[in-house]
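For reference, the structures are reproduced in the following blocks.
Here come two complexes built around chain A, the first alongside chain B, the second alongside chain C.
Up next is the complex of A and B:
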């Protein structure tokens, strides 16, 4: 597949490792939370401030620490791959977006970075963009998480409006003031949808296993250790404000439990090692969501510990799955057998990670499991949730056994290990080190305890962390033994259970994944139906549609709501004269059939309007109107002359009567609308403001110009950018037409 | 060359510089009297359109400083850049700065507003004038 020469890109791993060291230094020296003030859009109350507390710091350490190992691994995995630079750039961009998301103190800033992670994930999943499956998976990941993100934006704005601030720290501090507002549940549901879609919770779980089309380093990093945990991050971040809310507890526990059980069931339906790991990741995310939903001190400790434990065992397992794929050319567990003989180092890494995943004593996975048991004991958990979590623990044991024992130790008849060998150190060192860390931290949990405590304290300010207590009571041991026994049973019966689940394939028609496919087919179908009806290409039709819409929309509004008309104010003789000119020209424009005469009469209407502006005291407008009209008439005349010479003259207008009716109707309605509008109360605040401030603030007496170039200069900049862009876009078209004409003239002189 | 109206050809030699001068005058006085970059730009567009009809589209475009495309880019850039100096004074983008150059008997006021308006003028002139000229050019190609 690839050459074995590792890429020089490995040096880039120094970036995250340096950031990791920096974050660790900040943690050891500074008082948490660290706050950095950066105003961004002060007029909208949006600040790009950073707020780094224990919870954010835990994520920063995960993002940079795991990120460093991922980059090292990617340098080995992608050695010789022509796309390696693209992947590295995107991985670093993703890392920056993740760091931004977790350290932002502002809801909107958090959202922007959140969507940036989704965008980089889309590009990374679609790395093999020549492959239709990879494209579909990338699109699915983007549609599900991006769509969820948009719903979340609505929720965040709602929350910001209700609470009166977009700063997360202020929002949490003022929580009791707004928590009972009637819109809070709606905002919360919107935020849930965003967090659940990002963290692959039911019913948005299906995108994550499909995202496994990404290269393995990407799967290990984005779709296991970091990005999919952003939803967890947000829920943890908002936890202090909402943890007493029943809606919060019930939603999170229900969705988390349903997701983890469903994901573990679906694990059995897979044969691809990466997809098996992906489903178990979904299950772990479900467990995290459930833990956040639980009230009590124990739950937040368990959340933080399990988050770390999961990253420390799942990333190495993905690395190892990538090594197996890299060396053996397949990830199908049916074709893998006794790889320990040829890949001993990967096998050791897999075993260490599996021990932690199964929650065996002396691993960090055990510490997390222990804390989860304590949390379950503390909180009043639903009985069914307790059984469900037992099932999930047992399945974790089974999945760990499949990923390590089955692939590396078990003999499988129809697979050979010929030609398979261990890759470069860049491939086996990262999983070995990360998995090893998962064991070391299990031996000396008090080293990492304060960090977990800091994260838990920021999720639950009432908590006072003292030390990481590990209980080895009978309850924990019983649950451990039960999970191991059931898990081993699942492991032994894996293939039978797989066959059993295969019979349930029919049910897939009702799965959310099928709904998604249906939606993806319905959108182009609906567009196919709608587009020819709206975009038929007839200019006359477009005009009739637009003008008709104006009449239909304005008439009822006028009839229902308008109560007064302005008093009659006798106009000056000049205005009367110009108005007469306008009316005559307009009637003529309706009646003439020749297009050139039509241009002249409509030009007359334009010039007449300019005169009217002049008499009504708007010389700026009049000047502009004159200049625009001149350019318009010249250009259209040039086109008409050209058309005429080519004998392409459009058929003379025949239904002038119908057009007159439409024109008169629209004219009347607009006139009535303007009259009604001027009869209403006029709010002079802006006019007065600009008139008063123009000279002192902007040194100009021409208020129109002052507004254009000073008060609203950024708007004007946008407008001239549009003018310039439309010019640049039109030039190639016109040049093309010109070149064709020149060619045809040379042919027929 | 194709046949052209002689009167227009002669008239435009005088009218074109006059119209450009008028356009520029509108631009300069715009801050206090009716006028401004957009209106001035439109008058310049009308001048270019007239020149294109009288003396050919390519000639009209060659009379624009830098040519239409580059003039459009440069003007947009100028408008954009006119808001940047404010950042140096710790003010929001597009806060215009004013200064005056004493001339002894009076003083001449200068500001980033002028640069901004000049950019508006140039963009409008280049984009719409260039467009007019290109359309007229198509007409020329079709002439027998």
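Up next is the complex of A and C:
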């Protein structure tokens, strides 16, 4: 399986790289934001328009740039894997969905692409579908992010209704007009649930480390650089409209800080290198959410810079973790030791990425950290949040040291490096290049400054970007040194802290992950309980449920909304007489036992309604009904004779009382509906139209006939077709009946 | 007038529902046809009643008289009567075929599609050996 011959699929990496070049060219030549209008469902106000500003462009560059390296890496990592083609197709589909999400200008279009990323990621996480864990992880990722996405859809629709537009750019421009609407907080909470579940924020954080059962290229792409940042993207997108709102600031800062601290604590409970990296990704996402919640210029600059820095160090660290797994066959840090001797190039890549992750000077991680410190120094970051962020930076140093130093340099008695060797260039070149970029941009930050500035400007239109300033003041240095010292202490005490945390394992019963498991067990249990009660297989039961539902639905509507009943006018004697006949015949139909008498009484009901038509000015209806009743009696008599010959036991009469209750209830409700419907005003527009146009347009004097054969001729044709089709459908049934009869006659002559 | 008609319609619907809830298949069909007749009547009266004059334009005139009945619901109901007849006839033939095939006219005993649950409360699954669609794995073994 592990052939070192790289797959030819590596050529596909040209697609994202070409898109990257295109995006870069757009950035350098065109004026942002670039807008492209594409009407899609104009009647619903849904436009598939693209709106690419600095923030979207930063994501596009990340998606295509990192995506290119991921495809190169995947060609090496999946060489010889029979599923490689599928993974490539899904990765490209995922990339398209991501690009659609970040460039859409319409909330609904954004949502559609958002869910497409979730679907493709479900398939990607479940790549090793033979493995039950992979299946469970894939399902978990889909349920959590897809469920959150549905809640978000509700929030987006609310927001669109409140703001009167689904276009994101118009929504933001008109922000002050609707921001104080009473439904805005509800919409915002729904959107938070969507963004938090996608970006693995507390309490939805648990799916991300589990999604590590995906192949490493997938983890590097989806779970560090792109998909999990989609929630961050949406929050940044909406930032200009909401940044002054207290709910926005408090929710984002609280959730971001809680997530990052919790994730960094949970990092210590892991031994798997990929899961360690995954938890630190959750922590980084928490930091980003916290930064977006901060008001002010400094925070948006820091958000954009940290977003880039994280992608540039976390993707290579995942690549390297994949290389270690590929070469040594394990990702458990207890079984890895001094890999630098056998995998020097991966070691260098890991070291470069780790320097950036730890925020050491001369790396882009340092630039991001510096911007965070500037934001802090400006007094724009709340004090308690800043202590938490100190802990998170210290833990970042520790995680960086584990991923690079512990695995590659530290000696570990349990592990041997025998037979381990570096993979093909496709495996070590991408991490080396991406991590190297993280260092180069740290050396010449002014190269990337304008892009960071453009992204920050689109998150905060008030900001005027001039240049990326790096401050080497005392505050920055003090916090850097503090974080490094504490981080190194964590690194040295890693195993002790791990043991300490192991003791707290019982607390997992109360974790959101346990709630998820409970929910996943409760849903099938509830279905098992409910299904036999709803789908019991009894025709009578189904009919009773449906009819009961009519009563339950109509009665409240009548009680709440109907304010008017028709006046009682003295009826004509003929109508009273026929109505009495109908009532008597209806009651009789329920009482008789014999089928023939039942037939006669039901025929009486038909003749009664025909008489009513006659007395109420509808001779055509009366004629039709008479004809139908005659045919009915003839047909049913023929059928009854056949059924009698079958000599069947009569079906038992059951539940007369309950049936009477349901029958009377439904009958009363329908009678009340008829009264309520005729009490209101009558709209004669159509009647007048037919009364006026029948003679001039259709040259017919019988208006009913004219309506049937002229104005609604196509409907009548359809009706004839239905009647014809039903008669055709009876032919095979009648043939069956005849064949069966002939057979039974042969048996018992 | 409308109160009397509404009462008659309600009685027809009640009788129809009572018959639909019976176990005898023939009664179910007749119940459906009664509900259909009541539905036709209620649609008819929804267009307002009160006159005996049919909606026919007198000779020499081009406009329907103001006191003529409303032609629109009549046209709709006429369609509905015919469709209802087709539905009833088809249902009757179906009932005959079912009764003959299964020697049974009790709807509670017609459980081919939805067999009653087994003693342990779990649904009964079709036995792979008697199914018309054999298990694909079994098929592969044969090959």
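We take it that the second predicted complex is superposed on the first by the 550 of 749 C-alpha atoms of A that agree within 3 Å, B and C clash if a C-alpha of one lies under 4 Å from a C-alpha of the other, contacts with A are read in each partner's own complex, and residues count from 1 in each chain.
Everything below uses one rule, namely that a contact is a pair of C-beta atoms (placed from the backbone, for glycine too) under 8 Å apart; a residue touches a chain by one contact, two chains touch by 3 or more.
This one's a predicted model, so the numbers in the text were calculated from it and none came from an experiment.
Peer 1: Touch check for A:737: first (chain B), second (chain C), both, or neither?
Peer 2: A:737 sits against chain B and chain C alike.
Peer 1: On the superposed three-chain arrangement, identify whether chain B or chain C touches more chain A residues.
Peer 2: Touching more of chain A: C.
Peer 1: Using the touch definition from the top, say if A:312 reaches chain B (first), chain C (second), both or neither.
Peer 2: In the superposition, A:312 touches no partner, neither chain B nor chain C.
Peer 1: Which partner does A:714 contact after superposing on A: first (chain B), second (chain C), both, neither?
Peer 2: After superposing on A, A:714 lies in contact with chain B but is clear of chain C.
Peer 1: Check the residue A:620 against both partner chains and state whether it touches chain B (first), chain C (second), both, or neither.
Peer 2: both
Peer 1: Once the shared chain is lined up, is A:671 touching chain B (first), chain C (second), both, or neither of them?
Peer 2: Touch partner of A:671: chain C, not chain B.
Peer 1: Just checking: does A:407 make contact with chain B only, chain C only, both, or neither of them? Give me first, second, both or neither.
Peer 2: Touch partners of A:407: none, neither chain B nor chain C.
Peer 1: Output check: A:704 vs chain B and chain C. Expected answer is one of first, second, both, neither. What do you get?
Peer 2: The answer is both, since A:704 touches chain B and chain C.
Peer 1: Classify the contacts of A:102 with the two partner chains as first (chain B alone), second (chain C alone), both, or neither.
Peer 2: Touch partners of A:102: none, neither chain B nor chain C.
Peer 1: In the superposed arrangement, does A:634 touch chain B (first), chain C (second), both or neither?
Peer 2: First partner only, chain B.
Peer 1: Shared contact residues on chain A for chain B and chain C?
Peer 2: Residues 619-620, 624, 628, 631, 635, 639, 642, 646, 701-702, 704, 708, 716, 723, 726-727, 730, 734, 737, 741 of chain A touch both chain B and chain C.
Peer 1: Which of the residues in chain A come into contact with chain C in the complex?
Peer 2: 532, 535, 537-540, 543-544, 547, 566, 568-572, 575-576, 578-579, 582-583, 586-587, 589-590, 595, 598-599, 602, 605-606, 609, 612-613, 615-621, 624-625, 628, 631-632, 635-636, 639-640, 642-643, 646, 648, 650-655, 659-660, 662-664, 666-668, 670-675, 677-678, 682, 686-687, 690-692, 694-696, 701-704, 707-708, 712, 715-716, 719, 722-723, 726-727, 729-730, 733-734, 736-737, 740-741
Peer 1: Chain A touches which residues of chain B in the complex?
Peer 2: Going by the criterion above, the answer is residues 26, 30-39, 42-43, 45-46, 49-50, 53, 68-69, 72-73, 75-76, 79-80, 83, 93-94, 96, 98, 109, 111, 113, 116-117, 119-120, 123-124, 126-128, 130-132, 134-139, 141-144.
Peer 1: For chain C, which residues are in contact with chain A within the complex?
Peer 2: 1-28, 30, 33-34, 37-38, 40-42, 44-59, 61-64, 68-72, 74-75, 77-79, 81-90, 92-97, 99-101, 103-108, 110-111, 113-117, 121, 123
Peer 1: Quick check on the complex: what are the chain A residues that touch chain B?
Peer 2: 619-620, 623-624, 627-628, 630-631, 634-635, 638-639, 641-642, 645-646, 698-702, 704-706, 708-710, 713-714, 716-717, 720-721, 723-724, 726-728, 730-731, 734-735, 737-738, 741-742, 745
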